[in-house]
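Contents: one structure, followed by commentary.
Which chain is which? They are A, B and C, in the order written, and residues in each are numbered from 1.
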Amino acid sequence: MNFFNDLADFSIAEIKELITLARRLEKKPEPRALEGKVLAMLFLSPSLRTLISFQSAMARMGGGTFVISPEMSIHGLESRSGIVMDGVAAEHIREAVPVIASYGDAIGIRAFAKRENLGDDLSDGEFRELTSLVDTPYINMESAINHPCQSLADWKTMDDLGIPARNGKFVLSWTWHPRQMPFAVPAATVHMAALRGMDVTVLRPEGFELPDIVMDKARQAATISGGSVTESDNRSSTMQGSHVIYANSWASVHHYGDRQAEDKIKPELRDWCIDEPWFENAANDCRFMHCLPVRRGVSVTDSVLDGPRSVVITEARNRMLVQMALLHQMLSRS
Amino acid sequence: MNFFNDLADFSIAEIKELITLARRLEKKPEPRALEGKVLAMLFLSPSLRTLISFQSAMARMGGGTFVISPEMSIHGLESRSGIVMDGVAAEHIREAVPVIASYGDAIGIRAFAKRENLGDDLSDGEFRELTSLVDTPYINMESAINHPCQSLADWKTMDDLGIPARNGKFVLSWTWHPRQMPFAVPAATVHMAALRGMDVTVLRPEGFELPDIVMDKARQAATISGGSVTESDNRSSTMQGSHVIYANSWASVHHYGDRQAEDKIKPELRDWCIDEPWFENAANDCRFMHCLPVRRGVSVTDSVLDGPRSVVITEARNRMLVQMALLHQMLSRS
Amino acid sequence: MNFFNDLADFSIAEIKELITLARRLEKKPEPRALEGKVLAMLFLSPSLRTLISFQSAMARMGGGTFVISPEMSIHGLESRSGIVMDGVAAEHIREAVPVIASYGDAIGIRAFAKRENLGDDLSDGEFRELTSLVDTPYINMESAINHPCQSLADWKTMDDLGIPARNGKFVLSWTWHPRQMPFAVPAATVHMAALRGMDVTVLRPEGFELPDIVMDKARQAATISGGSVTESDNRSSTMQGSHVIYANSWASVHHYGDRQAEDKIKPELRDWCIDEPWFENAANDCRFMHCLPVRRGVSVTDSVLDGPRSVVITEARNRMLVQMALLHQMLSRS
């Protein structure tokens, strides 16, 4: 495996193989599988789970990690082309990224959406530019439009919980959030659930439709797997019989990068905070999922998050396990 | 061992066993004892020695570590209950702590006294709340009222130096400090010295008595071990025949959390800076101990700190060694 | 090997042995050579390559690392002697450095030139003071006047590329830079190239001569190796037949520590930005070297840096490899 950037790059069989390997490594640790191997991590955006789940994953297999983030170094990182570097930034990504990669056997990169230009973010321009600079295997640790490690962990979580794939009803719901959030997690999630063969509904208020390119990709995955993808702004009908509600927040495509304009339409959406009554018509054991961090009392109530529906800690723990499988496949044979 | 929170939770025999193991691991390293094991570390307060002595301890036995501190992540950590998370903090400790713990085989947590409410700090409320969120083994890396790793290292230091336990005279002395300091180290220290069976005197100016609950706990330990615990504001009589003076600074219980009020009574206590004349009546080879960091010329003079009495570097080095023993007991069998 | 501070402390045979070992470790990894060993790293100055190349080097041989930098700890580090520590800094280097060293099997220290007093920096006063506090093996990770790890990597880079030692023509060229830069890299570089037996010319505009002590040391190395050391401000004649141009920037000795005065003479030196025409009379395959970070469009043009002459990424990668050799020699036998 030379890169892990998008679940769409893998067959369903390959994804299932990764999940099987993750389970095996949990039950039967291989503390020397990656001895002498090193994972480089470049965090151009902040991280809690991703950082430490990868650090732990490598350590559990005898390997090492190192981390670079711009705030660590006073050099600053310049990314524009053809520039005269006369200002604060003392180093260009054209040197920094290949050097960082050269000290690792693989490199993981996180670079959130810049939320300046919708087209740039939807095409994952920055992440593509960064990975074009490295010739080692690379891992997407969340880019403008993808978060494949989260999706792989969520897939495993649903498998472990016995949530049905075929005929399983998956609701991806927009929730209120004080900030304008990127499309990475919702785009990865709707695609993952569709590829898993589920009947997926994107539940969101008017104005918060997911971008067409995101929906089209998910629908294509559903075609392969036998699932389906629809959207709705009707909570009650959408939640009917659902097995999972996956909460997230994302920007309005109509106001992308313009938080002030978006803020004008958001106050009346405050009730998009997932609460127990939402589950009235859902399947009895309908689960609540979220990639974390989650804002209590804003996106979801304490009672749902602290109750038996919530599997958010399990999802987070599965991040480490699926990443162990991923790193094992990527590095143990090289 | 499922937790290491307080020396009071262990028998004297168990403590001695840890020290014996620390010595064995120093002489005969076990570089694979903890291979594949990971220690999570959550630092809600700053650290130098604790951070790196644990990192080194795990690495020396083939294990790994990772660290989370609030300043690393822009998410911010909320800890209040029932709050609507509408502000800066994007993550609640109710998610963050279990997730961090789930990536480790054990978790160490540091959370200094908040110095807002004396009762809260004396009951170690925050640390108890944090550890109630984890189901892995945990280690107290200094809480509001305890610092058991420091105490274990200090115990070993005194054993190594041949400082007598029974009939050994231990002086815990308050020293001047420009800031209002917590009770964690003095509380742990007076208890440790008493439990070791020493005759302990808390030497402090009027107004800087240790809290009753701290003194009572130490007296109880003395009952078990055959030691004693008293207090005094008379340097000369207290230092008479003493084998150890352990310097520290702590808040006045009368002005807890009110630094301005405390500052009014402190200027005339500037001479509580340990100097060579203090040792006039002490045992000839009376040692100077301090947990570090120490302020030169403020809490102790250069001549004492740089002279042969000082064992502060040895104490710090012993932090790593006793923590190796602790981690070995906690993780090598699991 | 008890310290690695200056290539001048080693014979040419010893240096060649390190390079041979670096090549062997690259081809035939030894993932357990340093198991249970720990490298302490104290960064009093910022770092990208040095930090992560050492972290990776240790991990590749089964060892561990930890890092302390002043911004990590709120304690602050005081370094003045005889001071009353009544201010912000809560810890003195006289405690901090021995403690940090005591947790490692070796310590690496980075402390850039203070650029306050030329004599202090040329005598490497701060680095000498810091290393006088430790009794473990130590490594210079760039001090006021040296950067031996960079020089060892550059030596290997030239060997790997088949750049001739005897009769090889090496140009160390000053380049424009918006800031006042230290002498560490140019001093180490001119000495390294001379010790390798090359014919070295320091190319610099008037006013930017290297300090006499730096030139004298390089000339002494040339005497041993059969190389030569000269200086010039004539680009065209200097570049004639050259095999390597090594770009760097450094302060004017005439305005050391006085950036404003230096800035007055610098604007007209803007054309000291290495561009393709500089290579007109050079050897056909003349290489461009730089220790990084490099400012594009300021010190060197994009076309040179992105073209086939540039070996800057190779130099950086060799940092890790020679440091593996160094750590192997220092730690594997202990």
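By definition in this document, a contact is a pair of C-beta atoms (placed from the backbone, for glycine too) under 8 Å apart; a residue touches a chain by one contact, two chains touch by 3 or more.
Because the structure is a prediction, the values reported are computed rather than measured.
K.L.:
So chain A and chain C: same face meeting same face, with over half the numbers shared, or different?
P.N.:
Different residues, largely: of all residue numbers at this interface, under half are found in both copies.
K.L.:
Rotation angle, chain A onto chain B: superpose the C-alpha atoms of these two copies and give the value as a multiple of 5 degrees.
P.N.:
Superposing the C-alpha atoms of chain A on chain B needs a rotation of 120 degrees.
K.L.:
Just give me the whole-number Å value for how far the CA centre of chain A lies from that of chain C.
P.N.:
40
K.L.:
Residue numbers in chain A touching 2 or more other chains?
P.N.:
As it turns out, chain A has residues touching two or more other chains at 62, 64.
K.L.:
With touch defined as at the start, can you tell me which chain A residues reach chain C in the complex?
P.N.:
Touching chain C: residues 35-38, 40, 62-66, 68, 73-75, 78, 82-87, 90-92, 94-96, 98-100, 102-104 of chain A.
K.L.:
Under the definition above, what is the set of chain C residues touching chain A in their complex?
P.N.:
29-32, 46-49, 51-53, 55-56, 58-62, 64, 178, 292-298, 302, 305-306, 312-313, 316-317, 320
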